[in-house]
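Letters A, B, C, D and E mark the chains as written, and numbering starts fresh at 1 in each.
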Amino acid sequence: MTTTSTDRPPVPRPARLPSRGGGRRLRLGPLPLRYVAAKVGGAAVSLIAVMLTAFFLFKILPGDPVRAITHGIPTSPEQLAHLRHQFGLDKPLAAQFGDYAVRILHGDLGISYQYKTSVAGLIGEHLWPTIYLVGTATVLSAALGLRVGIRSAWRHGSTGDRVNTGVALALWSVPTFWLGLLFIIVFATGIGPIPGLFPTGGMSTPGTEGFVAVLVDHLRHLVLPCLTLVAVIYAQYVLTMRASLLDEMGSDYLTTARAKGLRDDDVRRRHAVPNALLPTVTVLFINIGRVVSGSILVETIFSWPGLGSLFYEALTVPDLPLLEGLFIVFSGAVILMNLLADLLYPVLDPRVRT
Amino acid sequence: MTERVPVLSAHDLRVSFPARHGHGVAHAVDRVNLDVYPGEIVALVGESGCGKTTLARTLLGLEKPGGGQVLHHGQPVRYTSRGLKAYRRDVQLVLQDPSGSLNPRHTVYEAVAEGLRIHGHTALGDFPDEQAKVADALARAGLRPAERFFLRYPHELSGGQRQRVVIAGALVLDPAILVADEPVASLDASVRGEILKLLLGLRDERGLSALVVTHDLGLAWNIADRVAVMYLGRIVETGPVEKILTAPEHPYTRALLSVLPESGLSEAGGAGPTILTGEAPDPTRIPTGCRFHPRCPVVASGRAAALDIEAACRGRDLPVLDGGGEAQVACHAVGSDAGAPDLRTTPTPRPGAGAAPRRRRR
Amino acid sequence: MTAVTTAASTRRIAWTRRRRSLARFCREYAKSRAGMFGLCVLVLAGGAAVAAPLFISAHELSAVYAPGSPLRPPSARFPLGTDGYGRSMVAVTVWGARISLTVGFLATFMSIGIGTLVGITAAHFRGWADTVLMRVTDWFLVLPTLVLAAALASVLPRGVTTVVVAIGVTCWATTARLVRSQTLTVESRPYIERATALGAGHWHVMTRHVLPNVMPLVLAQTTLIVSEAILLEATLAFLGLSDPTKVSWGTTLQLARQVGAVSAGDWWVLLPPGLAIAAVALAFSLCGRTMESVLNPRLRERA
Amino acid sequence: APADQSAGPKTLTIATNGSVDSLSPFLAQRLLPTHIHRLIYDFLTNYDPKDDHAVPALATSWSTSPDKLVWTFTIRDGMKWSDGKPVTAEDIAWTYNLIMTSPDAATGNGNFVVNFKSVAAPDPKTLVITLSKPQATMLALDIPVVPKHVWESHAADIGKFHNDTQFPIVSNGPFILSGYAKGQYIELTANPNYWRGKPKFDKVIYRYYKDSDAMVEALKKGEAHFVSPLTPAQYNALGDRPEITRNKAQGKRFYALAANPGATTKSGQAFGDGSPALRDSQFRRALMYAIDSKTLVAKTLGGYGEPGAGYLPPIWANNHWKPDAAEAYTHNPDKAGEMLDALGYRKGADGMRTTPDGQPLTLRLFGQTQRVDDTQNASYISEWLKGVGVGVTVSMMDQGKLADVETAGNYDLAFDSWSTNPDPDFVLSLQTCAGRPDTPGASFLGDTFVCDATYDELYAQQITEYDQAKRSDLVKRMQQQLYRGAYVNVLYYANVLEAYRSDVIGSMQKQPQPNGMYYPQDGYWAWWSATPATAAPKKSGNTGAIVAGVATAAIIGAAGVLFATRRRRAGADDRE
Amino acid sequence: MTQPGRAPEARPDKAPTAQLLDIRNLTVTYRTGGGPLPAVRGVDLSLAAGQKLGLAGESGCGKSTLAASVLRLLPPGTTTTGEILLGGEDVLTMGWSRLRAVRWAGASIVFQGAMHSLNPVRRIAHQIAEPILLHDKVSETLAHERVAVLLEQVGLAAARASAYPHELSGGQRQRVMIAMALACSPNLIVADEPTTALDVMVQAQILRLIGDLVAAQGISLLMISHDLAVLAQTCDRLAVMYAGRIVEDGPAHQVFTDGRHPYTRALAAAFPRIGDPSSRRAPHGLPGDPPDPTALPTGCAFRPRCPLAIETCAHVDPALSVAGPGRAAACVHVTSVPTGGER
């Protein structure tokens, strides 16, 4: 770990100007360009690999898609030929791949079989509901999960810790879709004394007017899907945060901090958590990327008009271009989040910066 | 006496690594000559990072030299897998950290028998079976009765016992040479002596040669016949222990000796220890001339200038010491005016009570 | 004579050693209440799955000869009610354990096998092998498992094998990473250097030193992945991507949903398989975590 | 909370599991959008709510030339598009011509105009269609007619225009599409100027659900007022709710087990690896005796359906055909066994039969994963067939994959299900020799490679028979022929199960009556005729909404507090 | 004077007011999976203001435990009995807020591994300033000025204040730790093996630095090491610990060169004097293994390894008794040693 200590010219630093009041925060040096370039390059390579896989998976494995599209629909040979041409299937595979690459580079993900409209457009339309749902769920579960994880680790072995860990593990083990169905029975239909408070599905009630009414309506629709999603991802945050804080717990610098006379809370907040957050951040970001695809089940069950429902619909047809586009988008989300985590990491951890 | 062939020798050995961060190369070992004769214990001393471990590892073939040769009984070591395997039956390694050197999932028996299993039946020698051989090795290493230790796991042993197991694991192959890299550094002071006694005893009983790598000059005084002082990848002074440790000539050796606690204690009223300033040496940027000159008290105090060798110190390379037994030193000051007493910035540690410094051993 | 005694005695020693360490492991493990709970659940579930053919006849699972009428609430004859075919939910749930556990284990073995091989190879040989393998691993790591598995399952022929392959192929990356880092840790240990200095070759180091030290971790990882695989199987079944003619917990739930049991309020078709999945997944997680903490001294300290 | 029913506009909310592929009448193929088009665009003719015979819509009357090739329609007077422009024959001619000339525009309804030679509008009130050969289905042209003045500008890129950019959409049906949220809902507003009269509900909203259970929950809570389709379990469960009225309607769908009679191309070239045994109609019949469709109805459909025989479901009373007792394949495994024995398929020691040349007899049965029934029925059928000694391996796959298998002719038995129209022509055409592929493995119009000369002859006759009664007779004979050949063995006709809130909807018209359905109809009768209930619905919705709003606010507030307390300090001295 | 007696009486320096740190009959027992582990077993130790006390002993004998207990930094679940009077106040019974005030302001600690004792994600300026801001309640500007001064004092450029720990070498980090320890001008600094992981040359630098700073500011020092020679050089007094007990206590030089307890002598012999022919090719060591604190032998804990063990040792666990002027040792043989005869 003794890295470059001698060759680094000490940063000249006047003895603290009073104006820099918030000097306690991390001062961020510029990220080393090479690091950024390497990470961005890595992400780009991954993305290219995703596209290759998508091509392989959806163009080569499933056979002739036109037959699948037209089965059961009266179609004349001319129409078939027309369709083939429309989907570019009348060309040799290499040419198809060339077309595919060019198309993708232009952000064109092809034409959906079932919607007969551009996949990119479809994805764009369904993107916001997903971001809305996943974003809310992530913020809630991260806020809750990290807090609980920190508490749990800090008082590890206590009853509270055992309960928290147990609950997290149980939630983690429950199939998402099953939980969602239970929620519908319990909280949407209402069972016994529990009134059915929340809508069973959808994102809004058509015809609602007035700002407050619309807002309340939206929130009501959000509660159950969001709760289901939170229940599932919350566990990961709790467990990850707990584990990484436990890793830090024995560290000598915490003893130092305690020896300095810091309160327990301050030791935790100022010293333990910032260090423990480092590994958690990565998990957090990867998770965000995964939750986007994890919302497939929740969206399906709650008829949430996002990418997840779209994916489910595409699966049942199967609408290969749409599946392919969603596959790329879902993977891209994870890659993007990974990249963000990679770029954020050195900001949080000075050791990586050099 | 030079017709005696060294069992192990480094000839103009060079090892470099790509520097850990950024660019450049770290010349960890930079042209080293060192011979180990049969039945001899050689101590290799120096500051942290000067390349001792790298030298030891290279001698065992764990690192391929970037230049020069490792000679075994005068023959260059072959770096084929078969050549190395044969070589490694004869040269054994003992590491600093006995706990780390033992696989926590292997019993003592397995740890010791591992060498036998790797080298097969031929390694058994006169012994009827593996178990007898293992028991014998353990006994030789001072773990008696050996059978009691067979089934123990490393974590059930004390540090000293673990190091004995490691040594037994080396002895089981009846090696001619033991290379010990800081063999007692991680042991408790009270246990240390026992392990050193063991090494000395093996030398006396079996004529085992040993190269002991250490940063502890006291240890060299305890067991070694000869000492080589290393600085920044190069041996800067070598010779018999009595000579080097009581009448060192190289300013670096002198500084090393001066900071030993008891020397300051015993020399209360003297000038006190010479504490070298400056950063720890960096093998990626070896200074020109004498590689010690940026930290050399002779240069810093102006004496080098007075002696008119400062330019040489800063710019002229020193000859590489050969690996033989005689006392030698690589220093411009020593060369220019042999034994000039005014060079000494510190009082010489007590002129040996009894052991008079000799310039030539033989 | 010598050879015989040698072999016998070393084997004896090895066995004694193994027995002892196993006993120690069991003692440590038994101390964890969560771990024991998990183990009990697993033994129950596993036992039920294995013994299922003994007390559930094929007729009870046959659609034609289903003993009851569809979707009847629990009664004396059918303690958990009947499913959409009129089969006893008890029989269906117990039988479902067979496919669910089989898929879980097969998929896990596949993914663990790939992961371990890749991890050890990459870490032991370093260099370009490492670079290439880790690039591939990273790439599998970023792919959203469910999406990839669903995509694979939707383009491959339906069936249990497909589900196994889809899960196995998508879940190994974490293991590979884990095994690699553990291998790197092991390989940086001085005892590896000692072994090399004793003349050991790649094979010796990999099998005698690396593998035994990685194995516990792999074992713990296995249990964790089984729970993941069971969940994934259920999810794929729920998405309609598994073979619906095979009775597994996932397909049972899928069938329940297809026949509208949820809104009909037929909780008895929903609860048993769902709870079974949750319980078994939880049990595997608990076992895995306990094993991890028993086997990994660093974690043991915390507990 | 739906702000409905009380004082404001009356809204009818329909929960369904469909989805919209396109709102363009030229492109839409899925059920939901085509149904919506029926509600917003008038067609040339409509189907009577009672018995589905053709009744005037855009056209008030029609006549044919003696050679049966020229159809002349008189167009209704005084109709207006919702933007005020008059509806003329020119609009119809333009729409039809576009479909005839542009392959893109033919996506949705191309099959109706294949046989058209020309369509012309000599004056605004007259439409003349000239055919290349006689066609009996001229009064069943289910083609939405669009306003030329709006669509002209989209004619060039008709394949890309989805008619979802400007709301309300200009149309002339009883409803006007006024709002659309992709993946969520479609909002229709009553057309006040509709010639048949303004619908009683001001709004009709379709909400689509991915999950049928959510749909039913929505109905129970009053979020939706009409739900279709229901599963038997759901239908049963809704029975004890007074505020909900259920409807068990005869369905338009038949569900069949198709046997591969040996795949051939139009020119008769055989391909595929279908079992040779199935080429023998006697063998196919034997299989049918082994199958008990009554049990299937009871088990799979929970009793909600009728065992099948004829190709056209009983809902089409005119065209439905039933075998007489002697001819019917009544469940009789013994007879099946005897027939198989007679054919030389001997039972082995294990009870399984071998082919006459000694090979084990195993048939591959394929089903679609998307179709619930397939999974269940496959279980039953494989057990029955095993019971008579015929081995079965079941493969379930998704519909695309199954289509691959079927087009390649690589199957023995496969489940097959079609929804039928008032006019039987289309489904009947599926089984003609001409429906087979041009080349081995190519996509084809037909269904199961059936090629039966008698059947084809009858088919050719019925398409040119403009007399309904005579045509019905021909159609029945075709079904009989198909039944005898045991090619496509109709197992049952499932009922359509629906339910609605009777506290919201007073009455609606079924189609056909009395056993028809509300949705989907071959007309717009249900929603057009629906009258709001006189009794006020229970106000559970609103209080519930308030409670829920409060609860939501509380949850969000709690989250906020959680954040706020982040800096909360522990009690001063009790901890480190 | 030669009477073996209870430790408090045997303590060399009896004036109670002069003691800055007074540890009385301290026992510390850890709770472990394998049962209670007595790490410190009845230790009496005192340190006058301005004095430098060395504490030696081999690994696991309880040195760090003792050091941590001075600021009550032991992990939860550890039982501690006895008294630790710091400036007259008992640390063990203090309220938390008082304890927090005493920590660092009254006594500070320099830990062994500076690498791990510094928070890796905080700049060192911040870490040094933290206790200043906490205890002295000064403005941030002032605190950072103090940091600059402190860094200069330990021989680091003030500009390094903005560095992160990983940007510094081991010696530099240890200097930062020392600067941090000095930050609130405590009365006592506890240095727990501050040089063990360092190189010989750096070790000498740090030892000299600590010695100089402590002397210049009149701070008391409790220095812990397993290296008797190092302590003898740096400290005024030396206490030797074995298996959770103090076995010898006295003036540093005397204890090092003329130990009364056989363990002290063995420990001293383990550090040979270069040039001393008696240790040439003759390493000294103690046979046997270090004690296992959970399974100590009856009687004197050192008995199994003691070259002088006699039968009484098996049932008598000797207490510290006076063994010369200002000296005490815990050995049955001590009484037989003619005290004071040496000088």
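What we mean here is this: contacts are C-beta pairs under 8 Å (C-beta built on N, C-alpha and C of every residue); 3 or more make two chains touch, one makes a residue touch a chain.
Everything numeric here is computed off the predicted structure, so don't read it as measured data.
Minimum number of contact steps separating chain C from chain E: 2. Pairwise, the chains sharing the most contacting C-beta pairs are A-D. Between chain C and chain D the centroid-to-centroid distance comes to 43 Å (mean Cα coordinates, whole Å).
Centre-to-centre separation of chain B and chain E, using mean CA positions: 32 Å.
Averaged C-alpha coordinates give centres for chain B and chain C that are 51 Å from one another.
Chain geometry summary: the mean Cα position of chain D and that of chain E are 88 Å apart. The residues of chain E that reach two or more other chains are 100, 169, listed in rising order.
For chain B, the set of residues that touch two or more other chains comprises 279. Of all residues in chain D, those that touch two or more other chains are 211, 213-215, 217, 220, 370, 398, 401, 575-576. Across the complex, chain E is touched by residues 47-49, 158-161, 188-197, 200, 215, 217-219, 221-223, 241-242, 245-246, 255-257, 259-266, 273, 275-276, 279-280, 349-355 of chain B. Residues 58-59, 169, 171, 199-205, 208, 226-230, 232-233, 253, 256, 263, 266-267, 269-277, 279-287, 289-290, 305 of chain E touch chain B in their complex. Those residues of chain D whose C-beta lies close enough to touch chain A in the complex are 1-4, 11, 13, 19, 21-22, 27, 29-30, 103, 106-107, 110-111, 114, 159-160, 162, 179, 181-185, 187, 203, 205, 207-211, 213-215, 217-218, 220-221, 223, 370, 398-401, 403-404, 406-407, 418, 426, 429, 438, 442-443, 445, 544-545, 547-549, 551-553, 555-556, 559, 562-563, 566, 569-570, 575-576. Interface of chain A with chain E (complex): residues 1-6, 8, 10-13, 15-16, 18, 21, 23-24, 26-27, 251-253, 255-263, 270-271, 274-275, 278, 348-351, 354. Only residues 62-66, 70-71, 84-86, 154, 157-159, 240-241, 243-245, 255, 257-266 of chain C touch chain D when the two sit together in their complex.
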